[in-house]
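This structure is in structure tokens; I'll ask about it shortly.
Letters are used for the chains, namely A, B, C and D, taken in the order the chains are written, and counting of residues starts over at 1 for each.
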Amino acid sequence: MADTKGRSLVSKDIFGPLMVELGHQYPNIVVCDTDLMRCFGTKGFMKEFPKRHINFGIAEQNCMAASAGMALCGKNVFSSSFANFATKRACDQVSISVCYNHANVKVCGLYAGLTAEKNGGTHIGVEDVAIMRSFPDMAVVEAADTYELEAITRYMAEYDGPVYFRQPKMYLRNVYDSVPSFELGRSVELKNGRDVTLIACGIATGIALDAADVLKENGIEARVINMPSIKPIDAEAIIKAAAQTGLIVTIENHSTVGGLGSAAAEVLAENGSDAKLIRMGIKDHFGVTASLAYQLKQNGLTKEIIAGEISSCLR
Amino acid sequence: MADTKGRSLVSKDIFGPLMVELGHQYPNIVVCDTDLMRCFGTKGFMKEFPKRHINFGIAEQNCMAASAGMALCGKNVFSSSFANFATKRACDQVSISVCYNHANVKVCGLYAGLTAEKNGGTHIGVEDVAIMRSFPDMAVVEAADTYELEAITRYMAEYDGPVYFRQPKMYLRNVYDSVPSFELGRSVELKNGRDVTLIACGIATGIALDAADVLKENGIEARVINMPSIKPIDAEAIIKAAAQTGLIVTIENHSTVGGLGSAAAEVLAENGSDAKLIRMGIKDHFGVTASLAYQLKQNGLTKEIIAGEISSCLR
Amino acid sequence: MNEKLEFGMLRKKAEELRYNLIAMMDYAGSGHPGGSLSSVEILTAIYYGGFLNADANDPQNPARDRLIMSKGHASPTQYVILADKGYYPKETLKVFDVDNSMLPKHCNRKLTPGIDASTGALGQGMSMAVGMAMAGKMDDASYKTYCLLGDGECQSGEIWEAAMSAAKYKLDNLQVIVDNNGLQIDGRSDDIMPLGDQRAKWEAFGWNVETCNGHSLEEISAALERMGKAADKPSVLIADTIKGKGVSFMENDADWHSRKMTKDEGVQALAEITESYKAYGFENIEASIMFLDEKELAQLTGKESV
Amino acid sequence: MNEKLEFGMLRKKAEELRYNLIAMMDYAGSGHPGGSLSSVEILTAIYYGGFLNADANDPQNPARDRLIMSKGHASPTQYVILADKGYYPKETLKVFDVDNSMLPKHCNRKLTPGIDASTGALGQGMSMAVGMAMAGKMDDASYKTYCLLGDGECQSGEIWEAAMSAAKYKLDNLQVIVDNNGLQIDGRSDDIMPLGDQRAKWEAFGWNVETCNGHSLEEISAALERMGKAADKPSVLIADTIKGKGVSFMENDADWHSRKMTKDEGVQALAEITESYKAYGFENIEASIMFLDEKELAQLTGKESV
């Protein structure tokens, strides 16, 4: 479906220059770093807008709470750290200074999930979505590729309120071939199908599309739903899919506890749906020091394993 | 069912003296405070075992990570703060220093959920279970009354590994009339019934029992399951209840996102159960400055509202 | 709007605020008396001594000075001031700490006009204040940001992260005051987690440091004056205070961090403040009551039975 | 087990370790060269200078001294030492940073014998070290706990929470070393978040402070010696170092925090260390290689083509 030619798969390659553009367009945008400017891609922003850029060093707590302070003075603050530190080291600050104060901070979690690769368990955030999803007033979003990353970033430049903006280091493939539209609470059906529905976000959406191709070869028509807005979630799409396809499979670059899979489970169970849900993701263990490919495989997050699981379930 | 006479409903009244007893029995037990000794009830322990008590002051991060360090030297460390600060201020430390290191720390979250009452939103932890449940290697437990609190505490004195031990300031009633047995991963059926199953933990278990009484008057036979071990969860009991009673209602002193309700949703959806789930709890907003009774009512956590909801659902 | 009272009147105001403060907490049967009382003079000096530039009629004015109660449990002191300043009707003080009150136990910016940040999770107010001062610098705005810390609160690492960042960005528009009452919940800070040489700490973190007797309105004002002139550096005032100041049985007693007064204790507390008021040469403090009528006040002072 | 080399041999050891370190990271095409190289002398002094009491044959001995790499990304330096000490076969160094390796990029106590804590989340190792020292005091044990920090890491509030607690509990069994290389990921610490007067900071937090040239084995050893004698206080050594020390093109360049060497860079790095080895008067550093055979080494040194 997608033409990836010339489009970088690396989040910061798209995010960084885009923030410079948006910085010109929106004078209230501020960028905050925590000694990871190189990973956020925000060196360009710092150079263009030195006064509107703060590097807090290795002090994520202060970064997130001070960002809230800036937001309460009218700024739209994009603040980042590795996903793990943005959500866990600064957990209370994001909860209280940002959400409880309803501060206009875009908490950006970098190198999300297994894309932290060999940095290992201390860096591979498997719980960040679970944590952020539990915060009242927090929206949680993750793009499926850098086209959607752009869409979300543009949306965030206008949106006023706390958001957790999860960003993998890089994508495995593109999913779109141009910048799609994005809205909080809205999912996108990428592929129709009647036998099973794959719901995914982030790098997992590409995997889901690939798995659907494998399933097709086996005669199984899979619906693929991209769910960039994990909270608020598009419950309607899930209920519809459950009614129409029965089996639902969530695929995510995150623990199976508390993330997209749990959000889907909540929707299904509350609606008394008899659809079976399979939650594919990191199986309640910490990340290890290994390449993305290795860890995806270890966690059953390859198109082959996913297709296999679905085939045997439908048999 | 329960005889509450003479038995305090306040967590620290039971926990505090018990820790002194256990301190004598288990020389490797250490207690760590964060300027909330008065709330943890551990002044007695400090006096009896001054060398095995550390008060870290208002420094929850250091408390939890240093506790892990002690644990790695053979100690069984009971470390506390208000639930909100134990799990959010020290989030990364509990995740990495405690869980990732598999350190024998019992992270005790005090004044859990709405029992922080008028301390308001900054103190009322609505997300702590969601956060702790998402950590690999973490067990999450909460007692239904001070009898069970005692059972869990005794269990924890022997258990080796990371646990989040959630403690409300006080209970609304007792549920047991003597110290029950406790085991990780095991639920307790407090009342049999065939029309609906109420699954609850913490102070909500007492409310569930009361709601069952109200339902009975309406001719509805409710099963009541106490679920002190939120993780690992007793999936079997949930599946059985779903098959036998259809409707499942989870009741918890916590956000409906990520806690007991979500855990039940995961189990039900993964099993393709067509049982409908109603998640009663704090409805994805922060706590307010108000009494427990007020906030329980606001969140629909009274026996009347619960019974009403169930009755209208079964009608 | 930058109201400035002479020291005589400032003292009078401080005692009247203290009286209302005790009355409000007594009326509610709640609050954090110790840390509220210790900060009365500090907040009086800031609000009435010509420092805080803020307007009750325009509490969201972007050009206003900010005041962040990082020790958010001392909200009562600010509540009586905001009522006196006209941010809300004085009678509002009656709803302090009632269910879902607009005057909750910890400061909440969404509920109370005049409150600039929701606080209560210690440490975070300091960072938010730093962020506000940073935003001021970005906008070349001239507002100042004041921030009140507890001494126990300074045990929190976030304070030192924030301190380091304020020095980096030369936030001379940031004025932090430590209500150095030497007590926290579990006892003396020196016993629970000693703060050691606080001046040395802040200086080592690149701050301009002032110290003073935190109950001397003159000393506080002089220190704030000097802080306002310090360029290229953030300033901190370590104000030595007495927790529970003004009520003999509360002074220097950690128990009074968040204890509720009995009826008799309330009577005595109000009587003691009346005494000191008189000792300062003022008369009839009862007339200063903002939010209770005579009858209601008589109940608290125990005079209804006379 | 408390091996103590003379300074001449200590220097020889340091250079050999550095050689192995570069070879290991080059072989893996990974690692954090900058902060690993800056800590070579510090760890050499601790492990071989008669300080760390630990036994490769009994890595879990409760009486052992602990060493916590709070800057867990400098694991490579410790890995070559542990291999040399016999905690695991030297050939194990070949698996550094391979998928699911027992020698992962950040220290992991569950995977690697001789590693006392899993680190990588900056700040936490310091607290864990404090906890270990506290446990030692509780047990009246005589072991010491060493802890290595980065200078950037000291921006984290947890460091100062931990520092305060160590002073309270008079942890003279705790010895912290700051690898003060002046760089972090985004650039110079002085630009990113200036640490200012580090000595003043630690002293203000109640610590015994030593400073030294962090590449002088004599100075490090002398400082550790003095620290071992300081009673009733924790000690910190601010060791001034050069990030990337020993490899000209890596020195003082933030880019080398975690860059991977090209083939040519690897060749040059090994050649430079060989040169300094000779300049110290030693010969044939290649013979010191722990984990590669001649042919494998020849590939890294670019000599296979000759």
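Basically, contacts are C-beta pairs under 8 Å (C-beta built on N, C-alpha and C of every residue); 3 or more make two chains touch, one makes a residue touch a chain.
Just so we're clear, the structure is a prediction, and the values are computed from it rather than from any experiment.
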Q | Interface with the most contact pairs, given as the two chains involved | A | A-B
Q. Cα centroid separation between chain B and chain C, in whole Å?
A. 36
Q. Approximately how many whole Å separate the CA-defined centres of chain A and chain B?
A. 30
Q | For chain A paired with chain C, centre-to-centre distance based on mean C-alpha positions, whole Å | A | 42
**Q.** Per-residue overlap in chain C, given as positions that touch at least 2 other chains
**A.** 118, 120-121, 123, 155-158, 161, 164-165, 193
**Q.** Residue list for chain B, restricted to those that touch at least two other chains
**A.** 56-57, 59, 61-62, 84-85, 89, 92, 96, 100, 121-122
Q: If every chain is a node and every touching pair an edge, decide which shape results: line, ring, star, complete or other.
A: complete
**Q.** Complex contacts: residues of chain C adjacent to chain D
**A.** 155-161, 164-165, 167-168, 193-197, 200-201, 203-206
Q: Would you tell me which residues of chain A are touching chain D in their complex?
A: 33, 35-38, 55-59, 61-62, 84-85, 89, 118-123, 288-291, 294
Q. Once bound in the complex, which stretches of chain B touch chain A?
A. 84-85, 87-89, 91-92, 95-96, 99-100, 121-122, 126-127, 130-131, 133-137, 248, 255-258, 261-262, 264-266, 268-279, 284-286
(Q) Which stretch or stretches of chain D touch chain B in the complex? (A) 62, 109-110, 116-118, 120-121, 123-124, 127-139, 157-158, 161-162, 164-165, 169
(Q) Per the contact definition, I'd like the list of chain B residues that touch chain D in the complex. (A) 30, 51-52, 54, 56-57, 59, 61-62, 64-75, 92-93, 96-97, 100-102
